[in-house]
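When the chains are written out, they are named A, B, C and D in that same order, and each has its own residue count from 1.
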Amino acid sequence: MALQGLLWCIATLLGTGVAAIAMARHRSATTLVYGVALCACMIALAIAGWSLLALDSPGEALTLPVGLPWLGAHFRIDALAAFFLVVVNLGGATASLYGLGYGRHEETPGRVLPFYPAFLAGMNLVVLADDAFTFLFTWEFMSLSSWALVMAHHRRPGNAAAGYLYLLMASFGTLALLLAFGLLAGPAGGYAFDAIRSAPTASLAGVVLVLALVGAGSKAGLVPLHVWLPLAHPAAPSHVSALMSGVMTKVAVYGFVRIVFDLLGPPVWWWGGLVALLGGVTAFMGVLYALMEHDLKRLLAYHTVENIGIIFIGLGLAAAFEANEMPGAAALGLTAALFHVFNHSVFKSLLFFGAGAVLTATGERDMERLGGLIHRMPFTAFAFLIGSAAISALPPFNGFVSEWLTFQAILLSPALPQWLLKFLVPAIGALLALSAALAAACFVKAFGVSFLGRPRTEVARDAAETDRWSLASMFVLVALCLLAGILPGYFIDALAPVSQALAGAHLPRQEQLDWLTIVPIAQSRSSYSGLLLFLFIALAAGVGAEVIHRWASAATRRSAPWDCGFPDASPVTQYTAGSFSQPIRRVFGSVVFRAREEVHMPPPGDVSAARMHVRLHDVPWDVLYVPTAKLVSFAAERLNKVQFLTIRAYLTLVFGALVVLLIVLAVWQ
Amino acid sequence: MDQLALDVAHLFAGGLVLTSFMLLYQDRMTGLINTFALHALVVSFSVAWQAYIQQAPHLYVTAAIALVVKALVIPLALHRIIVRLGIHRTIEPVVGIGQTMLAGIGLVALSVMVMLPITAQAGTLAREDLAFALSVILLGLLMMISRRNAVSQVIGFMSIENGLILAATGAKGMPLVVEISVAFSILIALIVIGIFLFRIRERFETVDIHVLHEHRGEQP
Amino acid sequence: MAIALELVVQLGQMLVVLALAPLLTGYVRKVKARLLRRQGPPLLQPYRDLLRLVRKEVVLAQNASWLFRVAPYLIFATTWVAAALVPTFATGLIFSHAADMIAIVALLGSARFMLALAGLDVGTSFGGIGSSREMMIASLAEPAMLMVVFTLSLLAGSTQLSSIAASMQGPGVGLRVSLALALVGLIMVAIAENARIPVDNPATHLELTMVHEAMILEYSGRHLALIEAASHLKLLLYISIIACVFVPWGTAVSGQGLGAYVAGLGIYAAKLAAAGFMLAVFETVIAKMRVFRVSDFLGAALMLGFLATLLLFVSRVT
Amino acid sequence: MSEPGELVVAAVLAIPALSAALLALLPDDRTSAWLNAVASLLTFLCALVLLAERPSPGPFLIVDDLNVVFIVLSTFVGFTTSVFSASYIAHELEIGRLTHAYLRFYHAMYQILMFGMNLALLSNNVGLMWVAVELATLTTVLMVGIYRTPAALEAAWKYFLLGSVGIALALFGTILVYLAARAVVGEGLDAMAWSVLVERAAEFDPALLNLSFVFLLLGYGTKVGLVPLHAWLPDAHAEGPTPISAVLSGLLLNVALFAVLRFKIVMSANPGALAPGPLMVALGLLSVLFASFMLYRRQDIKRLFAYSSIEHMGIVTFAFGMGGALANFAGLLHMTLHSLTKSAIFFCVGHIAQVKGTQQMADIRGLTVSHPVLGWGLVLGVVAIAGIPPMGIFMTEFLIVTSTFARQPVLAVLLGLSLLVALGALLARLNGLAFGDPHGSREPAKASFVPVAIHLGLVLAAGIWLPSTFVAWFQHVAALLR
């Protein structure tokens, strides 16, 4: 029943996409498309939420007579799928709500409207797919539709290149998954997930894991497969960026979880180590990239990389624990990862919406040309602030809870028997802590430079608050950030069936604990109560304010800021994003990015401005991608000569082929 | 089937191979064409002989076709063409005669080697014929790639056709389909070649493929 | 009834930390002055400063936003709550389970986040310097702190301060190298977090060296008072963490009755005095370091914490 | 012996032949263009009947599961191409690239080509099939040279020489097959009939079969365009009229490959013969690798897609070489879908080249802006040819790669990577062609988009749903192919 409902919603979305092709020129197309998408996603969200809470373990399945002729398209909704459907459709609903307002500013709606619902449908289908063919088909369909959306503004410099790299990497990932499924299904081609589950574990399970890691990782943005992400995500319209960053990467995570925890059978301990290590490196690198970045949307995209890393840390730990028969710990790691999946989708969408609002208000993505927006766009600023706090893992918001859970999982690692893991996991913990702290720094920069201070340009000075639809969807997400932060118990309980299904255990029920505290393992070990903290902070702040204003002065006076006797009006003297991140660049950048600073000082007496230039190297790009491209073009160059031979040379080729085959034959006989 | 018949057939087949070598050896246009006429003549004889020993009258037709078309008409036509194009100059093989000869011998050896494992089931006659036919074909190919001039390439190609006829007639009782198709293909070949030579004459002052391939849709 | 008592004790704890914090700062200043052969301000000077500031009017920069005005209250509140959740004179209070050590660190992180933003709000370069350097320091201090937490939780099997304190009192611990390393690391973090010498100098307003003061340069009146109070609380908090973890003896356990609480209070005061004295001595004998060497300093702390963890593994198996 | 079936088969062959004669005689080109289309339509309709009515195999003609699909396919593509050709040729007349005389010749040749291909597909006799394939080849040779530009002449000449060498080799192979069969079946027509060959193949002399297969693979492989026998293909596609490029890529390559398949069935029916698989796998993989790298340096848009045809023929050959139910099925489906997609692409390309007045990709930009329909058509076609869902080719590539990886991981990885390389090249080109700021003339194209729409629609449909009878035929053939 639930499944039919979902499939109908998806069908509606697809239909909308097709209809949009016809009526893209029409004025009301925008409202209609986003409206329908909103409704469809809301319904799907309701169904998914219901099935997550109410559905029993095997879930519902049905087969449509499409796709591979003798196989048909299998669909299934179980706890895992239901959870990810919640994430997907929550993102979809808010993005559509946002799009109702944001879409009006779109200059080429014809290039957005048809593909937007298709993209949503694709993501839903991937989560529902229950056989290898349907999975990859929808997976690639999702990539294709999002590619079309990335190419929507193809005339802006760099976007076409971004789309190219994106589709190429997506196909690379699909190829990896293709091979993985080839191993899982075997030569007989048992592509249905049930067949794969029931089949004995694939002989080269390790290879399958690596392939799945490459395939899903290239879509999720694991370092070093992340290069396309910060180019492609910002290139799309902002609500699509939100979907790609907040939701599509999660679908990739779903693919990984589905393959590794569900299809692949019992894990081996080194899998966990590998995955968690990759996650740690990704988190750290991602946040460092973000700190070096001054383009608001690209900065957010790099933070997606970071958070994906955090999620993969949790997944890796879960795999490691599961490999050592520690279901409770595995459940903790898994729950942490999945909860972070939800949280990240929420606050990343929120942040991208904020960035989109700024973009529409100012037409600028470069933070160095913003500033002081908090005066012109107070609501957007507030929403963005909450989002920043949440993504920086600050209590009492939701980001903190999931990272806290991840830490709790890390703290269980000493129980692991393998020495490598014993030593590896604390290092990963250090990386995680480092990236959390750096994330805070990065968002101080992002919010401080673009919203606070004095406007650096005319456009920033004349910005205006964004429309109601956008604000509405942003504030929905703000509420979710806070709710998931102060009432995490309910969310963790909702995840119980998922971890039960995958790890064979779940965290203790949280909801009946007093003060809504969450206790991953035991009260004596660790506990956290977002609600209490929130109440205390509110109380303390309130009391403080009340007391002071009641019994002490409440007087205020405006005056010029202290300028150390060096009067200047120009906002140029403010700290820029570049100068803000300079200390951190000094500390980490010189190693990670081989950052070099060159200062050009004019000679004495010359009044021209001094110039400082910072050069950063993207090491993965230089080490992996450039050589590959060089190799291909070298081969192409060499082979190209064959196009320009004489006919006699071609005849010689034929002759040679014949003689060679004859010799082979003579030898063979 | 008596020994004599076999020997004669053998003789003709061997003669064909020999003539192919002569074709390879020729480096004058006129000489080349004449040798080709000889080549065709040998083919028609061998076909006729096959017709005789197989009591297959329809093969006489093939023999006649070969005799008339290939041994007379085409050589004359080619003479006309080269006269019109004024290419009496010696044509230089790309690789020296010596190497070409050596390669040719190697090819003959190869074709024999390939044919050896074929069981006697197919009949010794067929087997030998096939070996020779294959070597004629390979030699024709070798000629095509060792010459740079359109006319000589065409001649090389037609020597391949002769080899095919040899093989076809050697295959006892093969339906008329094959002969027809061979004649048919020769016909087409002639037409097309004619058209092409004509056009090429019209476009360039030479039939040299080398000049042809200067014109390319795509510059390197 | 019991609940009520518990609540009272919890409230008492909150008030105690609030009351003691300025005194601790004053005490440290006094000791430093004495070590420098100066008279120094009276012990109660911080209270006077706070009161005066609270009474003065607030001078806001022209383009200060609402965030600038809200920040002080939040900073104060979060720091206070964090400080109130650290066991001072008694462990296992009713709300102590609301936040474990990680959460407390994170709470301080929230306070710092607001402070750094406030520093950027006015749009002068001082604020920028302060915020950027503060975040750089924090980005290294927090991981170091978490490594220490890691070590402790490995020992005590918990990140809950009360349980850690309990297990530290237990026989199973004994003296360990990793504990010493953790202690040193924690102290270094505490110094950095509280903007003490050698990382930062709370007493200077020399632009090139200051971090914390630069951020709050634009603050005045009650806002400044709140921020000052918050920094006092922070110092107290770190010292009480160190005390609670490394010298847990003499703290009352909740439900032992009033006498125990009073005793615990006394012992706690003694601990504070000792720690404050050591801090003062340390600050007088050492010199302030360049900002970009702070990273080395904190990197060392991080390494210590990490080393402590690894050594612990070794000692575990042997 | 079903009489109507016989008639239909006769019609499928007769209609093109007669209309060829008619078109050769008709002076006026307006009507002849449409007559051409109508004749193709009739042929197609008759072919459709074959799906229902099958005559029992005669000595010369046969209709079985293998060729029934391809006969329908080729008559269909022949029809759509003739429709496209009508609008294309009209424009060529306007700009004076073609004269009326040549046009008459063109239409006659077009029908002869159709006749040749249908005959090749329908023939139950190796010799007859050989004749038919050669007929088709030679007609295309003439069509390629029709513009008489130096480049066109050279392309045709190259095609002719390589093609006729292929002819020779294929004939020799055919003779060998006959010899092998004669010893068992006895002299006469039976020794050249499929139906007989396949039944009795087990008793043939393996050595002869091996030798014959080498020659047949090379001979027909030349027409398939397998590397290193491919040299004629890119130029022939690039220099001839675009409808011919479409037919070449869409149909003639298929017909040649179809011939190879027939012989592969015979081969694999004989236990003693060497497995044809490795040879085909090697040639196919070589073609894919080579072609996908060749895609990068192309400047001429038609050459680009010609090389992509080589690549896809390589994929198909690879699939058949791997064998197995899945791979064979995928190979057959891939042949079908590729011919639909590639001809659709060439339809777009033809109009694009006419509108922009050039085939140089450097001068074609931003089509989705200047010519939305053509541009998006091209995008869709390239997406399909690159094997991206929802288009059907994804399914075949999915089956080929997965089924191979389980057996021969290295080969599968090689194939997958070269597919990726090709994708990279195609997408890079697509970025330039379809996106970015438009460049060159913006005047709307006078074109019929129906053929493009139908083809791509079919490919899309195939990606989502395949009719079961169709699947049944292919599965039966796949079983025959081993």
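Keep this in mind: a contact is a pair of C-beta atoms (placed from the backbone, for glycine too) under 8 Å apart; a residue touches a chain by one contact, two chains touch by 3 or more.
Computed from a prediction, not measured in an experiment: that's the story for all the values here.
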| item | value |
| --- | --- |
| Intersection of contact partners for subunit A and subunit B | D |
| Most distant chain from subunit B by Cα centroid | C |
| Chain nearest the overall C-alpha centroid of the shown protein atoms | A |
| Which of A-C and B-D has more C-beta pairs touching across its chains | A-C |
| Gap in Å, rounded to a whole number, between the CA centres of subunit C and subunit A | 35 |
| Cα-centroid distance, subunit B relative to subunit D, in whole angstrom | 31 |
| CA centroid of subunit C to CA centroid of subunit D, Å | 78 |
| Intercentroid distance (Cα basis), subunit C paired with subunit B, Å | 100 |
| Touching two or more other chains - residues of subunit A | 640, 643, 647, 651, 654, 658, 662, 665, 669 |
| Junction residues of subunit C - those touching two or more other chains | none |
| Residues of subunit B touching at least two other chains | 114, 117, 141, 144, 153, 209, 212-213, 216, 218 |
| Contacting chain pairs - touch in the sense defined above | A-B, A-C, A-D, B-D |
| Subunit B residues within the subunit D interface of the complex | 114-115, 117-119, 121-123, 126, 130, 133-134, 137, 141, 144, 153, 157, 160-161, 163-164, 167-168, 171-175, 177-178, 180-182, 184-185, 188-189, 192, 195-196, 199-200, 203, 209, 212-213, 215-219 |
| Complex contacts: residues of subunit A adjacent to subunit C | 371-372, 374-375, 378, 381, 385, 389, 392-395, 400, 404, 407-408, 410-411, 414, 422-423, 426-427, 429-430, 433-434, 436-438, 440-441, 443-445, 447-449, 452-454, 515, 517, 523-529, 532-533, 536-541, 544-545, 548, 552-553, 555-564, 571, 573-575, 579-584, 586-587 |
| List of subunit B residues in touch with subunit A within their complex | 94, 107, 110-111, 113-114, 117, 138, 141-142, 144-145, 147-148, 153, 209-210, 212-213, 216, 218, 220 |
| Complex interface listing, subunit C residues touching subunit A | 54-63, 65-67, 73-74, 76-78, 80-81, 84, 95, 97-100, 102-103, 106-107, 109-110, 112-113, 116-117, 119-129, 131-133, 135-136, 138-143, 146-147, 150, 153-154, 157-160, 163, 207, 217-218, 221-222, 225-226, 291-292, 295, 302, 306, 309-310, 313, 316 |
| Touching residues on subunit D, where the partner in the complex is subunit A | 157-158, 161-162, 165-166, 169, 207, 210-211, 214-215, 217-218, 222, 228-229, 231-232, 234, 274, 279, 290, 293-297, 324, 326, 366, 368-369, 383, 386, 388-390, 394-395, 398-399, 401-407, 409, 412-413, 416-417, 419-421, 423-425, 427-428, 431, 435-437, 463-466, 468, 471, 475 |
